[in-house]
Each structure stands twice: as C-alpha cells, then as structure tokens.
Amino acid sequence: MGLDKNQIAQRIAKEVKSGYYVNLGIGIPTLVANFVRDDIEVEFQSENGILGMGPFPFEGEEDPDLINAGKQTITALPGASFFDSATSFSMIRGQHVDLTILGAMEVSQNGDIANWKIPGKMVKGMGGAMDLVASAENIIVAMMHTNRAGESKLLKTCSLPLTGVHCVKKVVTDLAVMEIRDNAFHLLERAPGVSVEFIKNATEGDLIVAGDIPEMQF
Amino acid sequence: MGLDKNQIAQRIAKEVKSGYYVNLGIGIPTLVANFVRDDIEVEFQSENGILGMGPFPFEGEEDPDLINAGKQTITALPGASFFDSATSFSMIRGQHVDLTILGAMEVSQNGDIANWKIPGKMVKGMGGAMDLVASAENIIVAMMHTNRAGESKLLKTCSLPLTGVHCVKKVVTDLAVMEIRDNAFHLLERAPGVSVEFIKNATEGDLIVAGDIPEMQF
Amino acid sequence: MITKTVSNVQEACEGIQDRMTFMLGGFGLSGIPENCIAELVRRNVKGVTCISNNAGVDDFGLGLLLQKKQIKKMISSYVGENAEFERQMLSGELEVDLIPQGTLAQRCLAAQSGIPAFFTPAGYGTEVAEGKEVREFNGKMHIMERAFKADFAFVKAWKGDTAGNLIFKGTARNFNPNMCGAATITVAEVEELVPAGTLDPNQVHIPGIFVQRIFQGTAYEKRIEQLTVRKRG
Amino acid sequence: MITKTVSNVQEACEGIQDRMTFMLGGFGLSGIPENCIAELVRRNVKGVTCISNNAGVDDFGLGLLLQKKQIKKMISSYVGENAEFERQMLSGELEVDLIPQGTLAQRCLAAQSGIPAFFTPAGYGTEVAEGKEVREFNGKMHIMERAFKADFAFVKAWKGDTAGNLIFKGTARNFNPNMCGAATITVAEVEELVPAGTLDPNQVHIPGIFVQRIFQGTAYEKRIEQLTVRKRG
C-alpha cells in the first residue's frame, strides 16, 4: 500500500508547469525528470553549475567535467549553459528558479524543514539546501510519510536541526499530497487505496481534512 | 616655467613598476601610457571592461564595441580580456589594481580629493572615481598646481564636494612631486627651474620642505 | 528547453507603462539597447526612472528620451556628455541620483543575485554616504548599499539563442550582464539570434534563466562617441 | 602583458606554511586542483584550514590531506562522501564549519570583490544564523555574512595563458572562478597552458589580474565519483 519512489516522483511531475526552471534534490526528486511530459518546456538546474541538464550519458561517453549536484555523470541538452557556483546561487537566491523539489527527514506543520543533520550521528552538511529553501517561493518536499521505525515525518515541530523555516508549501509522500498553510497540513489527495484514516494515523502534526479527498491522478 | 601635461605624464610614468595593473583616469593620466618604458610589464585596466588596453586603432580599424572609460576607440593587446562592469569593479574594490592615476580639482593636505562636482555649475558625476579612490592603496593625482584663476589646488581643506577622504598619497603637478602624510604636503621634487619658494607660494596647504629638494628626473 | 523569443521590439516591450523603473545597459553609446530605446520613444512612455550608467548624448541613446521629456529621474554615475540633460537637471525638471559606477554595477548584480544589501567603501565621507548606514570592517569604513528594484531591464548582446542565452562582445558588455535578471522582466536585443544548441555552453555569458524575452534587433547604428585613431607609421 | 607562469607545482606553492588558510576549487572530485593537492601532501604542511565545498573521498582529493591529519579545520557545505572525515569530526580531531553552499560561493566572491559583508536569507532561523546579525529587508529575514580571508587559493582551469587568463570546462568550473583573487595568492593549475594572445578575450572566464601564478598540471586523474550511464536504446 502507498506509492513507491517512482510513483511519488510521477505525481510530483504533474506540478511541473511549462516554462519552469526546476532544481531537483538528490533521491526521489532526481526521479521526477523521468516523468515530466515531453510537451512541457522545462529546464533542470543543478546547483554545481549547469542549466539545461539532460539524461545520463551513454556508456563510454561520460565526462568527469560534466556532473550534477549528486556527483553523477550527466549530459547537457541543446540550449544548456555552464556557470560558476556564485552565479548558480544567484539563480536560486534571486528567485529565478521556479520550482525546488527536495527530500526531507522532517517537515513541520508551520513549513519548517529539517534535512541536513542528525546531531552526533549523521553530519553530511546542508549543501545547497539552505539556500534553496530560504529563497524558493515554490518548494515541494518529496519523502516517505514515516521513517523506517514507522514514526511520522510530518510533525507539529521538527526535532532535528532546521534547514529552513516557514518555507515548505507542499508535501508529496507515499501516502498523500498535502498543502501547508495556517499552521497545519491540509490533505489534498490520497494515494490510491489509502484511507484518510490511515493518513491521519501516520501524521503527527495537525492534518486538516475538508470534504471528500480524491485519489491521486497520474 | 613648469611642466606641460606631457611632462607631468612622463614623470608619473616613472612610478609605474613592473607587474603593475594600472587604471588611468581621463585627461593627463591617459597620457601616462605613452611614457611607460617598454621593458616594464604593465597592463592597463579601463573600468568599462577591459584589461590589457592597447593604443588607439589605426584609421579605419576602429570598433564601436571597443572603447575605454573616456569613450575613446582603443585596441586590445595580446593577453587582454573583456568583462562586465561588476567584475571590473571587483578588480578595483578588491584591490587587485596596483596603481590608480587620476585628475583632481582639489586635493587637501589630509589626502581628501574633490573631482566630480561644482555645485550649481558642473555636475557630470563621479563615474568610477569614488570606487577607485575609496579602494586603491596607491593613488597618484595628476593635475596643474593652480587653477586658471591662479588659485592653489593643494589646500588645507577641500572646498568642493569630496570624491574620497584620506586617500591620496602622492600628487604630481606642473611644479612639483609631493607626498601626503601627517596632514601635510611633503615636497619631494621640483620641476626643472622651479624654485622651492615658487612652489610654496602656489600651495595653500601646509608644505613641508626637508633638506635639499632635487629637480625631477625623467 | 524554454523558448524566450518574441517576434519584434513591439512584442518585447509589451507591458511597459508610465512611471515604471527601467534598467538600460551600455557604457556611453557602446552596447546600448538601440531598438528598445527607439521603442520607448515611439510609445512615448512618460515619467519613467532610468537606471543607466550614462544618459546618452543629445541626439542618441537616452538623450532621445530626454528630448521628449519622458524621464522623471535618472540614476547614473556619469552624465557629462549631454547638454539637454544638464539643462533639465539644473532647472529642476529632472531628478538625478548620481552614484559611484562600481556601486551602480553591484546594486544591479545584487538584484540579480537576491542579495538585498552589501557594504562598499565607495563614497564613504562624501555626500553619497548621506543617510546611509556606515560601518567599519577590517579597519576601513564602508557604507551599506541596497539592491535596485526595477520593472524592466533592457540589454543589448552580440549573439543570443532562442533559450535566452547571451554572449557579449568587447567592451559593449559593460553593465548589460549585470542587469539581466535584475528587473521583473529582462528584454534582450541581440545582433544575431541563433537556434538553441548553436552556442557553446562554456561560452555563454548570461544563461537564459536571467532573460524573459529576446529578439534580433535591426539597423544598429553603433555610434562612436570619441573617434580616436593612430596614423599608420 | 604581465607574465604569471611558474615552471611547476613546487614553484607555484612557494610560501605555503603550517596553519595557513587555503581555498580549494572543485565540486566533489570535479575540477579539483589535483597537482596542488598532491604538493600540499608532499610538503606535509600541517594545521591548515581548508575552504572547499567538499572534502574529497577517502583516497582522493582533500581526503589525502585528511589521511595525513594535515587539516585542522574544514569550511565546507557538504562532506558526506568521506568516512575518515566523519571519524575525525566526530572524535573532535577536526574542526568543521558547515555553511550553505551559496553562502560559501558568495563569501569567496565577496573576498574577490572587496565587499566585506552582505546579506542573504540562507540559514535564517537555523543554527547557521547563531551569533550573526539578522535583519529584515523587503519583508524577509536575512543574515549578514562576511567575506572570507585566505592565504592561498588553489584553482583548476581547463585552459590558461601566460597572462593568467583562465577558461573552465563544463561543471568543473564550479567554485574555481569565485576563489580567484579571493586569497592573497591565487595559484591556477591548467590542463593546457597557451601563450598570451591565443585565447579570445571575449571568452576569458577569469582575467589574469585575479591570478598570481599559473602552471600546466600533469597526469590528471579526473576521477568520477558516481558513474551513471544509459544503455544505448
């Protein structure tokens, strides 16, 4: 029951509108590119310095000088450009990137997000995530609704060190699509076969359910 | 008596050391380039976006896309580069330019300079001069010692709106070479045939004369 | 790929209105958006604020807008080549905000970059610093300057592609790249418009994300302000 | 023309000392100054602070300096690919200052540009903002960040000329241009060193004024961190 990672990515791909510049985080967000419709004009930005990122190269055509922010070898599409890191974050901080899709360890009902550090345990760093969440007007979090221990990742208050405050507008999980406003998660859509009750039980934060909640369409 | 503009430029050219990036202001400073010795490694920066500025083009080879800060058609030497205005002032503000030579309407004995505005009369603007004088560690002012009315341009205090404060270290005029320190003009060299007494009389600010003052060498 | 092409200068200037703030690239008459300036004159938009390093000459560049008294306020670093400008300024018809050239460039770049404010030493101790926050860093005094806000940026590039990527030539580059993405809408006019995929992505000066509309300009005059030449020796 | 060439990496690294602060370009293992890193290892310089987006992997890049415990402090945005790094950090042997990637780039650029401080929204409300000045601009909270100070910047470019002009390739560009001129001495290693006058002045990414020493590197490994490919369909 619930979506797999590819289905989460597929659902999020519907949020990508024509004319959007999109920054995709590592993990599920990377998969979104595979599901964007061909007739949509979109360009993917990777914060290490490329706009117009294309798919992985064919075997033998990989170039160590052409990678994405996940350090994966990639290709450049026609119309692409390369630039330095400061310019890349000018695009992000200056709100020229239209949509940011990233993963999270926790999201709170006031839109806070935590995804960079577990004190004493995991300290990888924030990379570009803090710049992205502080600047983007349109942020979608892609994640599993609960962690491996079965605990909700949608909380009243984040317990981990924050990446950004009051910034997440939308969350897409394996169970649901939710909007964050007025200090609550507002349930918009259910994963096929998943009940509202089930989603409620999996959500520690306040979940507002108004009217009939439709199943997701892909 | 006293130097002409070309001779002032020629004397200043001796201050240009090998390895210097030099920004030349409009007027007398522009002439300095003509007198720098061939065996000196030097590059001229023009703040509108060129490093490695060369001489005027040959007739018929002028390019409207290649001018200096005085809007004159120029050429680019081997090793030149073009860049945007923000990068140009990164060079200036970031103190990568080694020497700035510019004109002035007034200089005061504490190193203040005024060269951009005569209230109610002449308001051309400061162009890049304020960035240059605020940032450069090595500024030489090239000017006539007195104005057309015969009044000293080397003052106790500037009367015109300032371009920068405590920034001028050296002044070369038609009469003398002076260093500015300890709130005074220190006479270093006289123009050939010009007496110390004559220079004193032409200087409204405090002029310190220590020991014998040699004539300028070219 | 996101297409940025519009058919002509009329379409590129859709939405301009009286009392807007415009950024215009160029240094002197070099690298100015000639086609867009002509369109601003044709539309007779009034009461505008122009952020531009210079104000053109009497009969070219922004001087054309000054002649028709379309400009309410100029924000520039140097305006010395224009008699009509001086007349309007001294008579009080025209507001003028003169600011250091590097500060002008950096305030554009800050707008492009989402940096709301920064510190610079330029203008400390002068009338430019009046009313501004002053602060010492590393033993040196600085003043705080703010990012510009503008409705349209009009820039001129040498080559561009349909994705909005731009390449500039020589010193015609100047303020043009710094103004891209520094206004709500950036309009780029280019001498040569090529299909996306034609330009080397390593050599793009301004990525298309900073440009909303692009078109190929016509009849560039590219007037030289100070023709200086050498005789062949 | 001012010549910036040195004969080799030994000469390029003259003057480096224990306890200095270094900037090093590169994103992951892409665009890192391989020759300079090898020389830092060879010289066994100790107690250094490294400003670098990443810390390499266990057996390449800055991981080589970590192995030999040459690094006292890392200033980075992401260090997740390096087990030895994590061990030294959790044990307290290594100081680590983690900062947002855009802030890292901008603090380099600020140092290059003589901008001592600027405001950014990145990190507001997080532990990154602790002890920093917070201010509202345009209804949004920002924190003040300072320009870096460093003794040496080590960068890697694709091509360079004897005047120190640099051209980068692909995403190996990353932080390299932002670090040029951001330290007292900038050392550039290039894959191909050409005579001044060879590069198109329009296509220079970093003018030579920002570079003090340049040399042609040797034996580039250019290791790929995550090889991802498609099968031909």
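By written order: A, B, C and D. Residues from 1 in each chain.
Heads up, the rule we're going with is that contacts are C-beta pairs under 8 Å (C-beta built on N, C-alpha and C of every residue); 3 or more make two chains touch, one makes a residue touch a chain.
Small disclaimer: the values here were computed from a predicted structure and weren't measured.
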Topological distance between chain A and chain B, in contact steps
2
In terms of CA centroid distance, which chain is the most far removed from chain A?
B
Centre-of-Cα separation between chain C and chain A, whole angstrom:
36
Using the average of all C-alpha atoms in each chain as its centre, how far is it in Å between chain A and chain D?
28
Residues of chain B whose C-beta touches two or more other chains:
50, 76, 82-83, 86, 89, 92-93, 135
For chain D, give me the residues that contact two or more of the other chains.
106, 109, 113-115, 120-121, 168-170, 201-202
Can you name every chain pair that touches?
A-C, A-D, B-C, B-D, C-D
Chain A partner contacts - residues on chain D that touch it in the complex:
27-31, 53, 76-81, 86, 89-90, 96, 98-106, 108-109, 120-128, 158, 168-178, 205, 222-232
Going by the contact rule set out above, which residues of chain A touch chain C in the complex?
19-21, 41-43, 45, 50-52, 76-83, 86-87, 89-97, 135
Show me the residue ranges of chain C that touch chain D in the complex, using the header's touch definition.
106, 110, 113-121, 135, 137-138, 140, 142, 146, 167-170, 202-203
Report the residues of chain C in contact with chain A in the complex, numbered from low to high.
1-3, 109, 111-115, 161-163, 165, 181, 195-197, 201-202, 204, 207-210
State the interface residues of chain B toward chain C in the complex, per the touch definition above.
46-50, 55-74, 76, 82-86, 88-89, 92-93, 112, 116-117, 120, 123-131, 134-135, 161-166
